[in-house]
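Both of the next two complexes hold subunit A, though its partner changes from subunit B to subunit C.
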Partner chain A sequence: MRVMKNKKNLITQNTMIAYMLILPALLVFAIFMFYPLFYTAYLSFFDWNMIKPLKVFVGLDNYKALFSDPLMPLVIKNTVVYILILLILNCAAPYILAFILSFVVKKGRGFYKGAFFLPSVISLVVGSILYLWILNPVSGPAAVAAEFMGINIPIWSKTQGLVIVVLSIITTWKIFGYNFIVIFGGVTGVPQEIIEAAKIDNIPLYKIFFDIVLPMSSATGVYIFIMTIVQGLQYVFTPIKVVTQGGPDNASSNVIYDIYQEGFLLYHTGYASAMSIAAMVLFVILLVIEFRYVEKGIYYEN
Partner chain B sequence: MKIDSSLKWHVLLCIALFVSLMPIVFAISTSFKELSEAYGNVLGLIPHNPTMANYLRIFQELPLNQITLNTVIVAFAVTVFKIVTSVMAAYAFVYFNFKGKNLLYIILISTIFIPFTMTMIPNYLIISQIGLRNNIIGVILPQLSDATGIFLIRQAMRSIPLSFIEAARLEQAGIFHIMFGIVLPLAKPAVISTGIMFFINSWNEYVWPVLILKDTANYTLPLALQLFISSEGGTDFCVAMAVSVVTMIIPLGLYLIFQKYIISTFTSSGVKG
Partner chain C sequence: MKKNILKAVAAALMTASLLTGCGNDNAGSEQSAQGDKVKIEYWHVNAETQGGKTVQELVDKFNAQSKDVEVVARYNPDMYKGLMQNLQAEAAAGKSPAVVQVGWAFLDYFSNNFTYSAPQKIIDKDFSDDKNFLQDNFLPNVLDLAKNSKGDQVGIPYSLSTPVLYINRDLLRQAGLDENGPKTWEELIKFSDTVKKQTGKYGFYMQEPADNWAQQALLESNGARMITDGKASFASEDGIKAYQAYADMVIKTKSALHISWDQGVQAFVNGDVAMLYTTIAQRANVQKGAKFDVAAVSSPAWEGKPKKLPAGGCFLAITAQDEKQQKAAWEFVKYLYSVESMAAWTKGTGYVPPRKDVADAENGLKSFLEENKMMKAATSQMDSVVPWASFPGDAGLQAEQLLLDTRDKILSGSISAREALTQTQEQINNLLK
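Up next is the complex of A and B:
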């Protein structure tokens, strides 16, 4: 009896300690993450400009306005195009390079990993400025080098479509290294013997990649797929703000930048909040579908 | 034959490497060029007349010492707070059982996937209300709610054999002894690399400070950098590159020193576990 009581005391005491350990983290999350999320949802039902003392309740009007916003189709299209380019450059490309480095060349792994990761530690504002200079169509290094080959670099900052490509290049510069080393970790988790056996059977490299390596590292693949979208959206604000301010004619604006524009430049606080919530709902749906759909075919490394 | 085929792949890897590292080399080289040379000798990496003028100019035009100090204070405060709270929380998630543990963990971790835009309007209102707009404390606060540290440090703690902890518990070792004597020394590489990454990320933070800081004297380095470019053209790229070098030198240095820890922590940060 006594022992049991002691044990119970110990459990509640332990629970107390555990909560105390989590409390500091939880506190800042409550104030700067959870409360803001709910408050964004709350604001999305009001017409407000951040300054007026009175918020006017408008129900679902802000959400309805999303559908009639003439800019919305363009903004969504830009976001989708940007993410597609990003996925090619930051999922497909590092996957192939990681495969080559872990099973084909094998030499210099440490060097390549360290070097590829290097740009990820540099400020995106620096990255934006570097590319503004390098891709400067008149006097930048890329233009000068291209001139030798008789190619002219178009004035991308004034060209619809191209401006998104440049934004993607800038964020890729930042994201690529992290993706590369995480994918590398996943790819090297595939047992070496399987690959060697396949090579002895003269199975071509592309088949080894698609039929063995890709399915066997798919857990990492899915993680990187999602992180590319998340980080891509987090990061894209900086080059837009620094390089294009959404121009020309909103050709480089996207959902993230438009929320900032509506919220902090036009003071449509309620509308910007509705946009945030709508974007988040879309995003969560995408995540759930992605997990449900891909989960079935996943081979877990551990 | 064998050497031939692997050479081909090395060339491919080196091209990719060239694309990602060349901008940094260009930035450093251009920052030491005179403006006329930057436009005349664009591709030359070693300046004919190396000059410090660009650096001298930025220190004259801006309170760059103050701005650097601001950046250090912000990055340091954010790092210390996040490391301490992340270690504590991760410890609780690994070594204690309590009600709602898994749910709480999942909720915290899923905030990693929430873009900052979703919370920035209320955060702006909170910081304005407590009078911390245009103040570096206001820059620090919202950066503290970040769950990546809890995730990475928990991963590292989980890989420590439980038998070590059981043995210590049998000897009636207290929680402080177990935490500081056993767990932290073994999780040190992950804690260090997480801390370095926190510092670097906070150093580079741009979106939030640009929303709330107004006076140049309160700026952090990435914001100061933005002052030197104009979207209408006419940017003095030599000066802009000098500020870029000043902005990236600390993160680069830290990375080069702690590279081994950082790479190994992130290599194993995938979905395992």
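Up next is the complex of A and C:
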């Protein structure tokens, strides 16, 4: 009986210490994540513009409006296009590059690593303004160079479709370096002997990539895959805000910018809250699918 | 275990409320701690290239000579719309700057949604010496620009600008055109197309920032009205015709540029566009950057019709909440309207001075106006100035946004001006209900 009691005391003491240790992190999460999240959910049931003292309860009206908003299909389509382009530029491209630098061209690796990572240090606002100037289709340096070769640069900031591509490229400037370094770490982790053996057997490079390197570094790959989608969409916000403000006619707006525009430019606070909740639910569903199906096939070294 | 988590959450919430509580206290004590010098904020929209340096100079000079007031200037990006949005966020947080620049287009929106003090009210309360300051120094029609639809004097006109046409004389000559530029929009369209044909360069660019100011000048000069009796009415025959003529330059003859404002001005300054239709406030920037024979001429008119040019720029409104701050605000505002400060403001920005006695005074702009012929383009068209259209009610911001989207639609050629303007007018009027 006494022993039991002692043991129980010990456990509670230990757990208390454990709780004390997670408390700081929990506090930060509570203040900056949970509280805003619940408050957003709460606000999504009201009609409010952030200054009026009175919030009008409207029930599910904001969610209903969300599904009948004529802008929604366009914004969602844009978001998907952003994701696809970002995946190509910031997940597939660095993967291939990392493979080449690890197993094909080994000279000057250090230089490339530094060079690719360098732009990640510069603020995206600065980068966006810089690109606005460089890519000025009429009189920027890029236009002058293109004219020399007899090419006309289209007015991308006002061209549907193209504007998304250019904004994605500006964003790539920021995230490519980091993604490349991380994937490079994963790819170099593949044992050199296996690659050498494959090479001796005259296996073509693309097969080495798809059948050996990709599966063996898939843990890193999936991490970058998800980060590209989640973080990329947030990073893309900066060039949208600086360069186009969602224009022309919402052609460069994505879900995150649209929420910002509704919430902080037009002050439809309730509607924007409903939109953020819907976006969050969507991302949660995507993550669940990912854990269900993709995570199973992943190779973890340890 | 569950209890513990609950406890932790409770503790977190308490700390959160404590933290926010502290935040408010700090803001309060900051002012009182300064004691002898009242600290006030002045919000403006002037970027480096648009008079930002002059704002800082004026504020520094004021701070140096004032014993009891210290002004902090805060820049707001995205022009007057941006400032209005920041002000909204600030008001939501329960705070407020002391003096703000309010764009003409937001006159009604501002006076309906924010608490401000009418300047005459503060004067009457605390500054009996300045009793006639407003009557003595401003023309009545200029003061009227800052009256809202209820007839209240919301603030005092500060920056006055009108759209003018900057021309690249070298390019016009090269295309065999009159180097003095076009007088009418009909001529301008011909000029633009000729430049495109003869030189391969662009003929024309009309500013496309996040407002419809320049487009309003185009439409209203042709007889359209943006707003009639509180309802959008721009989709009249005159309005549609004017917008379509402009769109045709962009889409059909491709002689006009459709691009963002910064890039458009940059293209003109680099000599790639022959004519630039933008605010006189860009004068200093254009003058400094252009390496060719550049001039400014008055806004074109539509043949046989009177010009109607929206007054651009802003008025100053006092948003200080407590009396101490309000007094300080008036002291600062009065300083900004002195002849010397007004003259410095015009020199730094190209805005036309709103108060009397500045243009002819020796310590004002006399010699400056003699030297700067470009300013004449703006000062000579002041008789055509009309208020900048401001959509009433809470939906004002959204109405403005809809017009921006419409501009993109028309200029991309995806829809005709008639269809787009009619749809948008209907949409805006539904919002305004």
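Structure notes:
Methods note: the second predicted complex is superposed on the first by the 279 of 302 C-alpha atoms of A that agree within 3 Å, B and C clash if a C-alpha of one lies under 4 Å from a C-alpha of the other, contacts with A are read in each partner's own complex, and residues count from 1 in each chain.
By our rule, contacts are C-beta pairs under 8 Å (C-beta built on N, C-alpha and C of every residue); 3 or more make two chains touch, one makes a residue touch a chain.
Remember, predicted model here, so these are calculated numbers, not experimental data.
Looking at the shared chain after the overlay, A:I31 reaches both subunit B and subunit C.
Between subunit B and subunit C, it is B that contacts the larger number of residues in subunit A. By the document's definition of touching, both partners, subunit B and subunit C, reach A:L132.
Contact with subunit C, but none with subunit B, is seen for A:N49 once the two complexes are overlaid on the shared chain.
Using the contact criterion defined above for the overlaid structures, shared-chain residue A:I256 touches subunit B, although it does not reach subunit C.
By the document's definition of touching, both partners, subunit B and subunit C, reach A:T15. After overlaying the two complexes on the shared chain, residue contacts for A:I155 are found with subunit C alone; subunit B is out of touch. When the two structures are aligned on the shared chain, A:Q192 is found in touch with neither subunit B nor subunit C. In the superposition on chain A, A:F116 makes contact with subunit B only, not with subunit C.
Once the two complexes are overlaid on the shared chain, A:L265 sits against subunit C while remaining clear of subunit B. Overlap of the subunit B and subunit C contact sets on subunit A: residues 15, 19, 26, 31, 35, 50, 132-133, 136, 139-140, 243-245, 264. Considering their complex, residues 1, 4, 8-9, 11-13, 15-16, 19, 78, 81, 85, 88-89, 91-92, 113, 202, 210, 257-260, 262-263, 266-267, 270-273, 394, 397-398, 401, 404-405, 408-409, 411-412 of subunit C touch subunit A. For subunit B in complex with subunit A, the touching residues are 6, 9-10, 12-13, 16-17, 20-24, 26-27, 30, 39, 42-43, 84-86, 88-89, 91-93, 96-99, 101, 104, 108, 111-126, 141-142, 144-145, 147, 150, 175, 200, 203-204, 206-207, 210-211, 221-223, 225-226, 228-229, 231, 235, 237, 240-241, 244, 247-248, 251-252, 254-255, 259, 262-263, 266-273.
Across the complex, subunit C is touched by residues 15, 19, 23, 26-27, 30-31, 35, 49-51, 132-133, 136-140, 155, 157-160, 243-245, 247-251, 264-267 of subunit A. Contacts from subunit A toward subunit B in the complex involve residues 14-15, 17-19, 21-22, 24-26, 28-29, 31-33, 35-37, 39-40, 43, 50, 93, 97, 100-101, 104-105, 107-108, 110, 112-119, 121-127, 129-134, 136, 139-141, 144-145, 173, 176-178, 181-182, 184-186, 189, 219-220, 222-224, 226, 230, 233-234, 237-238, 241-245, 256, 259-260, 263-264, 269, 272-273, 276-277, 279-280, 283, 287, 300-302.
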